[in-house]
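Multiple structures follow.
In the two complexes that follow, chain A is the common piece, with chain B as its partner first and chain C second.
Here is the complex of A and B:
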């Protein structure tokens, strides 16, 4: 086998580097064995055992460097291999990278003393542990993760309460702190309205409506969807209200939630009543008792998002007469009703945002009984995600049954395409409703993802001689990176009707399919 | 006044744990954000996660913190002093003529790695208990020999760690706590007993070490009386050693301290010259010394109830064993010995490598070796990486140790921060960071010897076992 031996006299390289170089040289093309070693007695013994010793090596001293390559190719290959080995001796200085990698919250908090919030989105099995570490390190916490046990949530919130820290979540999708959006949040104007919300898309909707009504948001604190349960007792909502109450940047406090446990609702209302700042409460789907409880405390109460946002904006000093209130478009409703046949009578709503789904469903329930949903509180009206639609069906694709092991539909709206096709082919469908959520965290082109299916469904319906009404709501502002106008233009270009708010979405949907005495 | 509102007055500065897209969005908005290189605690194993949650219970966590503070206080205030050299039979507790001590956790002869079998049979020939290697093999398998871990005899052993009655041992006294630690002498070179080699050149060298080298060192220490090892180790770290795989400075310092006393001994000039030449033949001469130094310090931290501090890490070439202070000296937690990644001597390939072996990981347990790699940029080629990576190892080890660092052993390039001390089982589990160990590589077969050096880690299984045992004991 072609072998090359080179002795570099009086050339010292330390033995560890030489071992490294030999190992690298052995990986060169055609090299069977490579040696880079000082001519010490021990190395000479090794070379003797391997049959590589020569008289020249025998005569060398421990200050001489021996280079050998044994190759399995031709003579030219052996020369090249020796050159390669010599090349490995030239070690270039490597730049130093001063960016420190942290692996634990504790280490990062110690290394970054200015840090003041931890955003945690790891698997629910580990989320509470990380949140404890963050609180212990004095950090406020936004816990995006879901599937965190209730007992952990209570322990975390009690710890945060005692430490005077925010513990937003678990399952907190949205927050805006000091103008910085965390996780799923829209780019809205900064202003003087503070929001505490126990619902992610409810918070997004409220902030976007406030922005649309020319108001601005000072802080948006998410609490997680279970905060207003009897078990948690609104620990974080009460602390959040306290924080906004003492925040000089906040003039008006807005509270958003799905219906709270009634004793918890009273606590929240009492706390708001104790503040000198005007407050607006939006409890979606809340009954008359809660409305009454708010009224007796002199607190503006709403069960829909849009009027709540308007009240907040007006309370912050905006003149209502200057605003475009996006009144419900009755001529449009009449036009759609005229296109629908008598058997096209059902709403089929496919939502990414849970609170958006809730609001539309509550509005439908004001008018219809046969409303079914995978998030229905009434077991008789509850569907599984895989069940076929019944009557008016409202599906929240953000529920665990759809997201298990898959990205949230706000990140990947394609999750609902298959269901959309099924509904589009159903001759009893009067309107298909979908939300398109823009903002940080969301898909960069959520309409684009749905567009081929929409175009195809419209064509199929036309071929079957029926009108397919699709109503879409784009939740976002002109500042969101997806481009609000572009997203709306893509929809209208495909013949989709778009709604201007979550509230109007619910109202339009229920009116489109109304077959009463006026239809 | 709500203290939460304080955040409204300061710029938002975030630590992101989980989805990187959230960190990117925060960064795009101009706010400061650090994205963690996060892994699930406990390797994501539900039983281990539950055990960690138990250990995190406030009442228990408080006891653990207090116990760990005691453990690490004992480690950093330990003052190991070399006080002599003597025959194992004379100095090591429990040693008999038919005892063979070995590295790592307990193991039967049949299960031993090739290098350890080679060393055992060589030692039996050396002791005159067998006339040749074949007879030695039969004797070893007969059940007549008492095999026992060095660690259970206040001792440590490099690589195979095979220690027999006539071998000369370092005697190290841990001054404040009164415990002693012992270890063998370095055989230097590569083709040696502890690496599994056992031919006549190996046995001849052992004979000379027994008859000349050991006795000269013994007599020198009678004259020198004591050498403060911790102080010398501190110096060696500042001179570019990490005291596991790089011992150039430590060996020079140690022989410098011994030299006048060696010269003062009653041996012939030829014998003294042989000793100096032998020491000069390998920088490893002081390697075992730092192992005994580390062992003396770590033994003082055993058996502190509730402590989650690791007091032992060692390997027998098959199993990697750890012991944890609160679980007691009698409890070994094990997992499979790992491959050592690093450069090999010319002529050897990765297929020749034996698995991780030796008690030398006591140095990392103490906070030197791989933990002090920032002291030794010259051994970076061993890492196969950059100087900044070597520094990063030392920095990272602080993530899995107690918050106390060793004030006596400092790292200049890290602003003279003390070495990371007191590996905390919980922190290893929480971070997924395993201790880094610098070590030698022995051939997998008996009779060959050292073939390289490199880096390795303990198996996470040993830490899982410890976590589960701690939660079980203290739940």
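Here is the complex of A and C:
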């Protein structure tokens, strides 16, 4: 593979900056590996073992900084990657006269008395303290950090509740407040449907489906994934529903979550039933007892995102008969089944979004028993992220085991690309499933960074005489800055099948590999 | 001229800075956002640091928020006279600086505290150094660190000084970042060994023997030499003190998190070294059948 090396003599750059440079270099076009290390004898030995040593590196000393980019394109691409690397190294922090850096939340609150929301993303051990400072300063809080102790979460949410403030999170990745997107969110139409979500990509999927069905979003409030646990008791979910109930811009209330604790589900359903506004509940993977509890209260209940979004849009006044409902494409399913050999029987799903992974997994579980995942609630079906795949395997690359010390896979896809190559070489794989998440905060070209691996895998499978089916779901809108149509065009140009929603992704995947009598 | 006050200074550094007669003369070695390293004729570094940097060996903490806007560059002359340090256009006044002098940490290791620190590191520790990251280089580094720590434990148990030195030398200068992960692990290991003593003293001797110029750079070598003398940054001192039963057990997660916050993965790697030595100490304390 074309490789380029840059050596900076007697150069000391702090580790945090080096990590940032290394991560950004790995995301450059065509770069499959990037190294930033001091030229010590031990590092030279590792580089020798990995075939990356050069005479120039051999001649360098421990005070010299070595930067390497390994690419999978041609020599010109490697030169371009080197130029990009030099640019990263030379880049200085940018600022302007209107930008002010505050070193504490308290200082920021004092310096910006007109601000009413603090977005906090620091190490989980310190996050609660910063969130307390923000609440004490009268700010609503969006707490992006995870690894915050449960007791701290409860204390923060109780404090916010008593102060009439929103405490979104911890581990809250998505919100849209008065049309302003925070962290990971898509550019969706403004409208009259309010969402409270205990799952980040679940919230993104709901907002995007509502947009696709010509509806619009008034507010999208995140709660963090543990809010509907028995311990937290949906403090933020209930406050969020209260906020939407009293919001004159909201006509319909939508609630999205993974399965809540049953007694908490009852509280949420009771609160929705007390509102005069119509509501839609989407609890992925919830059992029939929760569905029944919703039904007895007259609340529309769904365990899939797409029909829930449709119900919300219809409740907001859209005529269903005018919509393209994206029915499941059975001719396509038959076509793919015909291409697969009897041995190609497994789904291997590699997701960035936890809720997207969950929805596809739950749909597979309706049809298969041998479903394994790093987010499975069943210990017997749980895999670690580094374990080899078993049966139908669903991996969430946004889990801590993958993100510890690395950016989220929606920004840095390197973990998923590596796993993709492994799965693509497995002759028992019938379909590889991936989500491509667009929107604020995500990779600027999420399909582009996957394309070299996709092209290579397709070519290898063809050389081995088998069809490699790749199914991708692009979560986004035509207004997202990455360009929805361009991203889809890149996928289809590479022979990838494109799904129109999270729900359809799960349904297509499980049907592609079905080998039953009616297949 | 800009005059800044020093908040704290390593008491052991003061003699090196000298007094009115024959004070320190050297130059700036490297400049970072929060730290300026200064080199002397003996290749040992000492540091001027911003207030948020934790206290540590050979460090002068200043009443400033950042160091990279003081106009200091590598090569800028530095000298000391009386209680004043002169570096370029900056004058540092040491007169009111509190002396930093951490107390020795009496062992032994407490098993319940050790388990709690293990759990806290599992929660807060970062991948990329001793904990494998995603890229091939990082995985190779983490695998070698794990293998070398096993070999070090085995060599200590067998009292094999030659094998111990070989295992330590496989770690020095190993890994990405400014201070390679292997150096940070060795620093945590050597500091803990120096504090706990007993059979672990062989580790300190081995690290001191392999930490020589040419194996890694001066920033790492200074930390390694200090660790062999039982001296390390305050968060590492705090974690070892907690492992040995001092302080409030309820504050352990914050204590570990403060260590993990050092550098990118340096804090995590220092903790790995500390825990490796602490587990070894515990196993050597435990009678076997």
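Keep in mind that, in the parts below, the second predicted complex is superposed on the first by the 418 of 519 C-alpha atoms of A that agree within 3 Å, B and C clash if a C-alpha of one lies under 4 Å from a C-alpha of the other, contacts with A are read in each partner's own complex, and residues count from 1 in each chain.
The rule is simple: a residue touches a chain if its C-beta (ideal position, glycine included) is under 8 Å from a C-beta of that chain, and two chains touch if they have at least 3 such contacts.
Everything quoted here is computed from the prediction, not taken from an experiment.
Using the contact criterion defined above for the overlaid structures, shared-chain residue A:245 touches chain B, although it does not reach chain C. After overlaying the two complexes on the shared chain, residue contacts for A:42 are found with chain B and with chain C alike.
In the superposition on chain A, A:280 makes contact with neither chain B nor chain C.
Contacts of A:300 after superposition on the shared chain: neither chain B nor chain C is touched. Shared-chain residue A:114: touches chain B; no touch with chain C. When the two complexes are overlaid on their common chain A, residue A:357 makes contact with neither chain B nor chain C. Of the two partner chains placed around the shared chain by superposition, chain B is the only one that A:178 touches, whereas chain C remains out of contact. Of the two partner chains placed around the shared chain by superposition, chain C is the only one that A:149 touches, whereas chain B remains out of contact. Among chain B and chain C, the chain that touches a larger number of residues in chain A is B.
After overlaying the two complexes on the shared chain, residue contacts for A:22 are found with chain B and with chain C alike. Shared interface residues of chain A (contacting chain B in one complex, chain C in the other): 14, 16, 19, 22, 26, 33-37, 42, 46-47, 50, 103, 123, 125-126. Interface residues of chain A facing chain C in the complex, by the touch rule stated above, are 10, 12-16, 18-19, 22, 26, 33-38, 40-43, 46-47, 49-50, 61-63, 103, 123-126, 147, 149, 402, 404-406, 414-415, 418. Those residues of chain A lying in contact with chain B across their complex are 14, 16-17, 19-23, 26, 33-37, 42, 45-47, 50, 68, 94, 96-97, 100-105, 107-109, 111-112, 114-123, 125-126, 129-130, 132-134, 139-140, 144-145, 164-166, 177-183, 218-219, 239-240, 242-247, 249, 440-441.
Against chain A, the residues of chain C that register as touching in their complex are 29-30, 32-33, 37, 65, 74, 123-128, 131, 133-137, 140-141, 144, 170-180, 182, 214-219, 253-254, 256-258, 260-261, 263-266. Interface residues of chain B facing chain A in the complex, by the touch rule stated above, are 1-8, 10-19, 21-23, 25-26, 29-32, 34, 36-41, 44, 46, 49, 52-53, 56, 189-191, 245-246, 281, 342-347, 349, 378-379, 381-382, 384, 386-388, 392, 395-396, 398-399, 427, 430-433, 452-453.
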